[in-house]
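Each of the next two complexes has chain A plus one other chain: chain B in the first, chain C in the second.
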Partner chain A sequence: MTAKTSFSRRAVMAGAAATLAAPGIAHAQARTLKIGSLLPRSGFFAQAGQSMHRGVLAAPDLLKELGYNVEIVHIDTESNADVARTQAERAINDGCHVLTGAFDSGHTLAIAQVTEQRQIPFVVNVAAAPQITEQGYKYLVRNFQTGGQLVTNGLRLIKDVMDAKGIKFEKAVFLHANDTFGTAQRNAMDAIWPRVNLPIDLAEKIAYDPRAQDLSVEVTKIRALNPDLVMCVTRASDAIKMVRDMVRQRFQPKAIISPGSPGFYDEEFYQALGPLADFVMFGLPWANPKSNMTQAFEKSFAKANPNNRFAVDSFNAGFAFEGMLIAADAFKRAGTTAGPQLMEAVRATNLPEHIMIGGPITFDAKGQNPNIGSALVQNLKRIPTVVLPKDVALAEPVLPLPAWQGRS
Partner chain B sequence: MNPFTLLARLVDEAPRRALVLLAVLVAVLLVAPVALDRYLLSVFFLIFWFATVGQAWNVMMGLCGQLSLGHALYVGLGGYVGAVLWVKFGISPAIAIVPAVLVAMAFGAAIGWLGFRFGIEGVYFALLTIAFAEVTRIGFDNWSYVGGAAGFFIPVTAGGGSAINLRGGPLLFYYVALALMVAAFVICAALRRSRLGHAWLAVREDPEAARALGINVFRAKMAAVIVSSAMTAVAGVVYAFYQSNLFPSQSFDIARSIEMILAPIIGGLGTLFGPILGAFILTPLGQTLIALVEKIAGRAIPGVNLVFYGAALMVMIWFAPNGIWPWLKKKLGIPEERS
Partner chain C sequence: MLWSLYGNVLVQGVLTGLVYGLMALGLSVIFGVVRVVNFAHGEFAVVAMYAAFVLFRSFGLDPFLSMLPIAAAFFVIGYGLQRTLINPFVSRPEHEQFILLVGLAIIMVNGTLMIFGPDARSANLPYSFDSWEIGPIILDKVRVYAAIAALAVAALLFAFFRFTSTGVAIRACADNLVGAAVVGLNVKQLYALTFGLGLACVGAAGALMVTLTDATPMIAPAFTLLAFTIVIIGGMGSMAGAIVGGLLIGIAEAMASVVIAPSMKTMVSFGLLVLVLALRPQGLLGRRA
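Showing the complex of A and B:
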């Protein structure tokens, strides 16, 4: 016996409409936000990418404690813009509602094209090229300083430390790697130095090849100029070479300060130099050690990464976490994973409580967070320690630089 | 000989099975976007792009025997000229391709002249090509007019979605890159059949013997480097508009140059199908390994896919030292060209 089933045209239309709408409804009603974290975990930028990844690994626990439901998909961009772009497409195909990343500005812009075309929010956690928020992207926000802001804030902190310690630097030398980041910072320095009116004579700007075996020639040149302040833009390996050559040549400036670069807070810097790694300074956006959220995040970090120090990773890990936090908070407010509504919520972000130093996380019309602050951080007993601004400082800045000899 | 006669001769002289294979491949690729999602479209863009630049590099190395390890130079130059003319002067990339090609040809001619005029050959010539790419990178790093090391950006809003200005999504770039790959194939096929192509082959096999036969070796080598640089520059313009940003460290990077030459080496040096086949193997292989590692391990393990990628390259080279295409041609029963 066969049962006769009849379909009215209306029923078929309704069924078809429901079938077509189903994915959209499921999409919009998802209870968990799926975040694609795109980072360069292998290749040229692997060191920084891994450091940020450790922050991403620590994020779910704390976000859960804060009442956010997220699922994170970890994607390696292999330090390659082509991979970044194709993997962004794949992540969205696989159901990611938001993307975060991507450390390198070129990779970030490759991903931004995809998210813009597919109307998926993209929260930039680290990438300094000013143009990222000048291109008119509607689905992108950046929670990081531009290269120019890094240098401006770094120089302002030099003035602040002079005032705080009552020390005057008469003459300075700017030493920088001639790679992409170093050259970009040098260009920013050229533009910004005359505007900040620091009462210091900038005697010379010296570029060096970060792949050089040592920096003895550059240090000899600096020694001949005898500045009391050495400003530098380095990576970890050449920062080590620079300090070693200064020790070898017994060159003792009053201060070594980086106005916004990595190098001095990488684990290999501490491992290679031991006590000689102490007392150098750098001005960077940094985790606020007095924030409750930072302290909670430090615990999550220690649980997720028992072999790594939060103090060393806090710059990269902090921004990586905040990217997740921005997305998760927007999802909670929007109540949907649909791209346009979620993006609206991302743009309307206002998070007074967060990790990094500065005001509440908000975004201006271009998608830039204008409230990110910088701290002057000094290595004290091999721990990067915030010494300025005073309201978030954990220690007094030590200046002038203690003698290289006799340290323990 | 006019281009149509040349094309007719090419079709007439090419092995029938190869022609059928080619026709089927092009037909499938023309309709493939119907079934491809955006991720796969972006993967196919890379396949076509690497096939094009591989074909261009193959003119120098595969046909004329001149090793270049700095071909990213022409990609970068083409990209920068196209992008600067569009952003600063509003000149469409469709027109900007001409100056982009001319600039790349000038650089190619300079390298060729220095190398061939002063007898710099083999690995030393390869070093010269690397040196030019590096010097150009440093120059662009410090040239503020094009953004210096901080990069040069093509605004996403400029020109709307106009195809002629290369402003669009992956579908547009899929067809543009497909057209480039087909054009590069036809150009290389035509050149190979030409008098110049035969001169290149003679120079590649034995420059002294070629000279004894009356071939102007210097001129033949110069022609190879100029043609190759011009073709690469066109691909560079398209790539710049695809990514909408240019950084000297990425555009002129030696790693980019190496990436560009893998497809023709794996596919088959000096063959027309080699660069295409190589690109069709290597680009999807890289993407598949990423997905496969994730599937097996349940998460991305950085670098593991690259280890397998390297191992796969070694196996391919061990299995088919002359490239996959010569081996495959034999298996498919495609005879040598009937010339």
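Showing the complex of A and C:
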């Protein structure tokens, strides 16, 4: 039996029109938001990228509990801005309705150019370079502090801890990596230090090469200056080198505080230094241990990542989750996956209940969340523990830094 | 105060430089004889670091002891690698050798990344954080041990090439390949032995490095670059040149950190490299081609 089929010009035109309209219909009808999570899961930033990825893996369970339907596409930017750009293109071509990412500011800016051109919302979860929200991007929001905010809040917390413990630091040294992040923090420090009026003599700012095999010479230099406060902006491996060389050179400051950088709370820091990892401090946006959502997320995290500690990953994982939450919530309100409408909903976000310390998640005209707070976190028994501000603290800060020798 | 700062920095430069020298020695030995540039040099060093880390974590074996079995294993690997993979490329154009070894390097980096992940791994020895205080000078125990071990390995290698018949035969291959073949030396086997010895040096250096710095897959290219810089400054193919180059880089980087800025120390070693290439292209102890 054969069927004779004939195509009229009108039928072909109608078919073509239907094909062209299909994505629009799909947008309108989509019940699940497809989120592209772009993170540096290999390469130079792999350690942090993997930590954020663990947060992304834990997200769907809790989002489902909260009534959000999302499908997450996991994408590795390989710690390379060019790869980040091409992967963003690919993710959009593969049907992602929103992108989140990207840990590094350079990668974030590369992705932002693509999302702007393609009119797809981009929720920045971690990236501190001020220019990200200063270039007028319409399809970008950032749920993270700028470098300047990180340093300002970090320095304010140093003052708070001095007041809380009645300790006075006479002389400080600022040690920082000379990579993009470290240099941005140094610039922020140059601009902000004179304004915060801390009664401390900032004796020297020392830039180091993050690819250096050790920091022995840098520590020798610091030791010669004999400061009682060492402020530093490091990554995990450099933080290990710094503490290790301080112990070897028997240099004992009153405090080691990072005014806004990673390094001291990574699992590798605890593994490498054991009890010597304790009592260093860092001022950073941090998961609010007293928030109900944080506690719920901790459970999802433990289920998705049974071999990892939430306490250690809570900064990276928390922001990764909040990026997803912002996108999912906007989708629920917009009721569509069409870029412009979805972006409008993202910009109108108002989430009072979330994970990280601070006020409700909202965005200003530039797309920046102005309500993110910072906490002073101290390593106690190899657990990063919030010690300030008092309303979210789980323990009292320990100062001055107990002696390196004799820690068991 | 100032002279104690310079004194400490100088001592650190010398100690670090000796380990750098040992790491570059393997590269120099292989190039000096086989005339193949091992572009996977740093990657082999990192694999050795992980091997020392695993032996320490699993069996509590101190890297200063595990460097011996690791060097032996690397000798076997190097021997086998040369006989199977490298040998067919010895007479082929340099760019083909380059592609082969870079490919090998990429496999090793990604292999270690898959097995160990991106986190830094370190061997925390009971004396990792100990130091000796001699007047104003502070000496890290592990750095001193690593420098002594590096000197010992280098001395053994020098003695092997100088006083054993196999060592003399390898040197003959390096000096005059045709002549060596004419007098009946088994060049293929000597090449494989040399490659094995070169990798054994890298294995020993990697085991020592894990006591000084943490192992991560991504530091491998930096090690390769460092070894190249040292070998070019010291003289390609010169064993003594590798140690001298290592010392020079170690001291120059350390002093530059104090005199100029810590972040500029890499620039100083590359500045030295450019200077040597301009004034003495064969390297400080190298021979003119």
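Definition applied: the second predicted complex is superposed on the first by the 386 of 408 C-alpha atoms of A that agree within 3 Å, B and C clash if a C-alpha of one lies under 4 Å from a C-alpha of the other, contacts with A are read in each partner's own complex, and residues count from 1 in each chain.
Here is the rule we go by: a contact is a pair of C-beta atoms (placed from the backbone, for glycine too) under 8 Å apart; a residue touches a chain by one contact, two chains touch by 3 or more.
None of the values given here were measured: they were computed from a predicted structure.
Within the superposed three-chain model, A:E218 lies in touch with chain C and out of touch with chain B [touch as defined at top].
After overlaying the two complexes on the shared chain, residue contacts for A:A46 are found with chain B and with chain C alike. In the superposition on chain A, A:R248 contacts chain C only, with no contact to chain B. When the two complexes are overlaid on their common chain A, residue A:A236 makes contact with chain C while staying clear of chain B. Within the superposed three-chain model, A:D82 lies in touch with chain B and out of touch with chain C [touch as defined at top]. Residue contacts after overlaying the shared chain place A:R54 against neither chain B nor chain C. Using the contact criterion defined above for the overlaid structures, shared-chain residue A:Y137 touches chain B, although it does not reach chain C.
Of the two partner chains placed by superposition, only chain B is touched by A:R90; chain C is not.
On chain A, the patch touched by chain B and the patch touched by chain C overlap at residues 42, 46, 49-50, 178. Within the complex formed with chain A, the residues of chain C that make contact are 1-2, 4-5, 8-9, 12-13, 16, 113, 117-122, 124, 128-131, 133, 138, 140, 143, 209, 212-214, 216, 218-219, 222, 253-254, 257-258, 261-263, 265-266. Listed in rising order, the residues of chain A touching chain B in the complex are 41-42, 46, 49-50, 74-76, 78, 81-83, 85-87, 89-90, 92-93, 105-106, 109-110, 112-114, 116-118, 129-131, 134-137, 147, 178-184, 187-188.
By the touch criterion given at the top, residues 42-44, 46-47, 49-50, 178, 206-209, 211-218, 220-221, 224, 236-237, 240-241, 244, 247-250, 266-268, 271-274, 276, 404 of chain A touch chain C in their complex.
By the touch criterion stated above, chain B contacts chain A in their complex at residues 37-39, 42-43, 46, 138, 141-142, 144, 148-151, 153, 155-157, 169-170, 243-245, 247-250, 286-287, 290-291, 299-300, 302-303, 306.
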